[in-house]
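Heads up, the next two complexes both have subunit A, just with different partners, subunit B and then subunit C.
Up next, the complex of A and B:
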């Protein structure tokens, strides 16, 4: 699942539901039939992976695709017993959650300064920050490998967290800057006259008001980090190996462990769904409603 | 607390002078209004008092103490914003109490003050609602409450009524006046609505293009404007500006409409030597400012009255606005506008009727044609300098 899909399903959700209830009854049109077809096309592989994860090896390898079989938990069982997947999952969770948290805190503060304060050459800084994102990760993967080796950061949580913070921060700052620019300045002035310090204003006024923006940015950052493959492959070996890297390892030279691979993919999707579910409550439109006028 | 502005200026980096040196003394408990058109610098002045803008020059004293360089947080001034600027994520209660919480006031005391202010503003039922659930009028009250609850040194209000509809605006205006009479907190009020300024203020300061043009009590501003700008800005319908000649005729000022031989008889009244002295400097071609209620519209010719034709009658209920075109031609008025008279509505008039305009000897002002400054005002049937 790409980040775009996550976001569009999150923000589109409520609208679709209200429209459907307004219409009263569902009437099939050419458009809606087309939509169902496209959705089916997209969802089928997801369904197939879920199905495969529950299949015994014989069914997986059957020449004719099977849809009806006796489901088994063997693939999941093996994943955790033979491949130590619990540790891998924990690695991914710790690295993703910590880097996400750091990215959001830094992005809010940096974006706030860019949006509100007189920073010398701020226009250039903003573009420069974004330009970091233009860089293909592969271009810096090897230099990072060498440096991380010298710094003894290879195969550590810290090593990956630093990379993910550095890679996601530009985008997060850019995104937060847009949300923060929409916060009415009068709100902060009112808080200033109410006796709040700058940090209190950020914590008690600005952050709650831009919570939808923070939630969206957090979802993006989480998804990018959770799914990141290249840097994790380069910079980890055993101790801090992540889920995407482990999944790739099920493709072996002479065989593909489809059952375990599918089970791992299913498990990988779960945390993303949880994060999106938890954060989407904050993505309510009109958060500043009633603030001004 | 008293407020004193000493040559306060605000220049922007672009070179634009938003405020060109304002001197102002506001007494303790006074309701002072800064009135002017948009862009005149009134809001900037208010924001400098609040500390949201830094003056480029000048000093600001609150209660005799220099607050020019004090952080807005420490000035203890409360401001009601034009947009209200309520905290959207907090309840009304939270909006009201934030300042007190920050000051670490006892919760019991805070609760008492919330109840008190809520009762005063009739928002007790709204305390647990969020701003998004309130109507415009309710939001306005909460914004007011947030300022009231603080018992600040000074209240600053930036067009707080401009987002309300007319009925509500007038009602709130009355309540604001009552509130000020009970609390007697020094208030600086910014508005472009002259009616608001006249109703609410102890004194008004008229601003134009960054200058504080005139300071005075509402009646003073209305009766004795210091120049054409003030005269035109205050009062609806707007003051009539007639092109006239004013000459000394045996110690009295004889005023003729431009292009007319006969003097406007009713207002040929004695003038002081100073007025004649000034007229000697500016010349006899001057502008006569006439408030619409100082015009009597006669149905029959009378000596000293100017002939005119009724162009339009605008019934306003208790009064009628009568739009007249003077017979002496379009040059009769300085701004080319027709003359407007306000008469009681029992005088029935029709469009196209002939009429004669007689000026009552009250609320008349003579302006210098070149500078627009006031040369003389009519006071107690005598032309006096302002």
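Up next, the complex of A and C:
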């Protein structure tokens, strides 16, 4: 049995349970309170770092943690005035958005070919692509460093974008293939009979229909690229340094600039929060490589 | 032109179009994933110093046999496995419990599920540093809590005993929600008929969970464990920002060991050999899990 069959068998049962577990009248209440408590507890570190970003230095380094204080924007102000954070933010945005765009274009074309057309050895190609998702980044980090040095791509946008596209492509193709398989072929068949070419069909018919799938694939590419650390650490020095690398730099040998650090963390997290609330429905499916619908 | 003659031609064109659509992605991956991986294997079989690239020479299996003699490598290998297996075991247990807790009819269920995605989307760098602040010796929240209930405290991230558990703790915190959400969506795909039939048979909630739901969602559990194990074995950023592999090399996972060997000492040959150990580990895991998965169905 192939992994592909396994993964599709996982999603085999589409009947969603409409009714949650029935229980006595007392237990659900207790359970609900438990659920709320657990989720609250889990988000506490996030809340704590957000709170820290608004604290003056005296409160940050106080041995007794404070919850009530006069909030200050000083940490954010310093982040942008002393640490040139606007430039770093711009670097991360450009690298992430360009990578997402290239990944989506390549992935939609490849996934369409795999999902809809007869490709020799299609299943093997699909599995080979999926297996690349599991390649440890450290294995390719050293060759990239050496090659980028020779090609003068160290510390450039292009150097990182090329790698991020390669890292995200396998996952994106796999996900898009799943989304495309869910789209009924009838529309496309009619269009084929009308004499539209495959590219026209993709652009005019398929892309509008699988837009939610494209959006959630783009989100995963965005999150991965936005958060990536190892490659950015190794391959950038100054010009194209990204947000995660900058955040880690607030840790100095003898002191940590927690105020600026937490402000930078908050700024890094905000785009993710927007993403979650816009597209929460599609996220769980993406996390499992489409294993769960 | 007759229909019989035009059909093969149309098919041939379709095949060409299919390859043209797939081609760019496949060529891209060959050039930027497969080629570097093979290049890395080539480096692993050479004496390759970052600073003397004019003196690269073939060294056979030396880089690999040297690793087997190295205590640091053995420790790093052990640390990686301890980290990956204990983190994933805890994540599975807690994630499963949270999924059971959230699998109920309640108004807030959707909101809670959405909120639970947040830790998954935060960068491991941010997560690691947040916990470094919470675990900090004088002003850390945990230190304060421990002191206020008169428990002994430590300089957690630089303690030989505590550094690894602390890193595991942070990883568990970040990824338990991921496991919970996937297990939950697996539970919700179990059909109502099955669970209702179980109720008619007089099974208790507990029996229903273990005898009916768990066997049905076994493939989901296996997939989530596989994804988490692979990602933990490749792990770099969380450890790097929390402990830099220290104290000594008590938290130096393989990715970190490879990074330090390659960039601090410039020994690219050994660094690539270490990286390839992770590649092999990941492949073994995938093979074992595929075997398991095929048995379940």
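By our rule, the second predicted complex is superposed on the first by the 243 of 293 C-alpha atoms of A that agree within 3 Å, B and C clash if a C-alpha of one lies under 4 Å from a C-alpha of the other, contacts with A are read in each partner's own complex, and residues count from 1 in each chain.
Methods note: a residue touches a chain if its C-beta (ideal position, glycine included) is under 8 Å from a C-beta of that chain, and two chains touch if they have at least 3 such contacts.
Given the structure is predicted, the values throughout are model-derived calculations rather than measurements.
A.B. asks: With both structures fitted on chain A, tell me whether subunit B or subunit C touches more of subunit A's residues.
C.D. replies: After superposing on chain A, more of subunit A is contacted by C.
A.B. asks: In the overlay, answer first, second, both or neither for which of subunit B and subunit C A:81 touches.
C.D. replies: neither
A.B. asks: Please work out whether A:276 is in contact with subunit B alone, subunit C alone, both, or neither, and reply first, second, both or neither.
C.D. replies: The second partner, subunit C, only.
A.B. asks: In the superposed arrangement, which partner chain does A:66 touch: subunit B (first), subunit C (second), both, or neither?
C.D. replies: neither
A.B. asks: Per the definitions at the top, what is the overlap between the subunit A residues touching subunit B and those touching subunit C?
C.D. replies: On subunit A, the overlap between the subunit B and subunit C contacts is residues 197, 287-289, 291-293.
A.B. asks: Mind pulling up the subunit B residues that touch subunit A in the complex?
C.D. replies: 50-52, 72-75, 77-79, 81, 83-89, 98-99, 102-103, 130-134, 136, 139, 146, 150, 163
A.B. asks: So in the complex, which bits of subunit C are touching subunit A?
C.D. replies: Residues in contact with subunit A: 14-15, 17-19, 21-22, 24-26, 28-29, 32-37, 39-40, 43, 50, 53, 98, 101-106, 108-109, 112-127, 129-134, 136, 138-139, 141, 144, 173, 176-178, 181-182, 185-186, 188-192, 195, 199, 205, 219-220, 223-224, 227, 230, 233-234, 236-237, 240-241, 254-255, 258-259, 262-263, 268, 271-272, 275-276, 278-279, 282, 286, 290, 293-294, 297.
A.B. asks: How about subunit A: which of its residues touch subunit C in the complex?
C.D. replies: On the subunit A side, the touching residues are 1, 3, 6-7, 9-11, 13-23, 28, 31-32, 34-36, 38-39, 42-43, 45-46, 48-49, 52, 60-65, 106-107, 109-110, 112-114, 117-119, 125, 129, 131-132, 134-147, 162-163, 165-166, 169-170, 173, 197-198, 223, 226-227, 229-230, 233-234, 244, 247-248, 250-251, 256, 258, 261-262, 265, 268-269, 272-273, 275-277, 280, 283-285, 287-289, 291-293.
A.B. asks: Quick check: in the complex, which residue numbers of subunit A touch subunit B?
C.D. replies: So the residues of subunit A touching subunit B come out as 184, 186-187, 189-197, 200, 204-205, 208-209, 211, 286-293.
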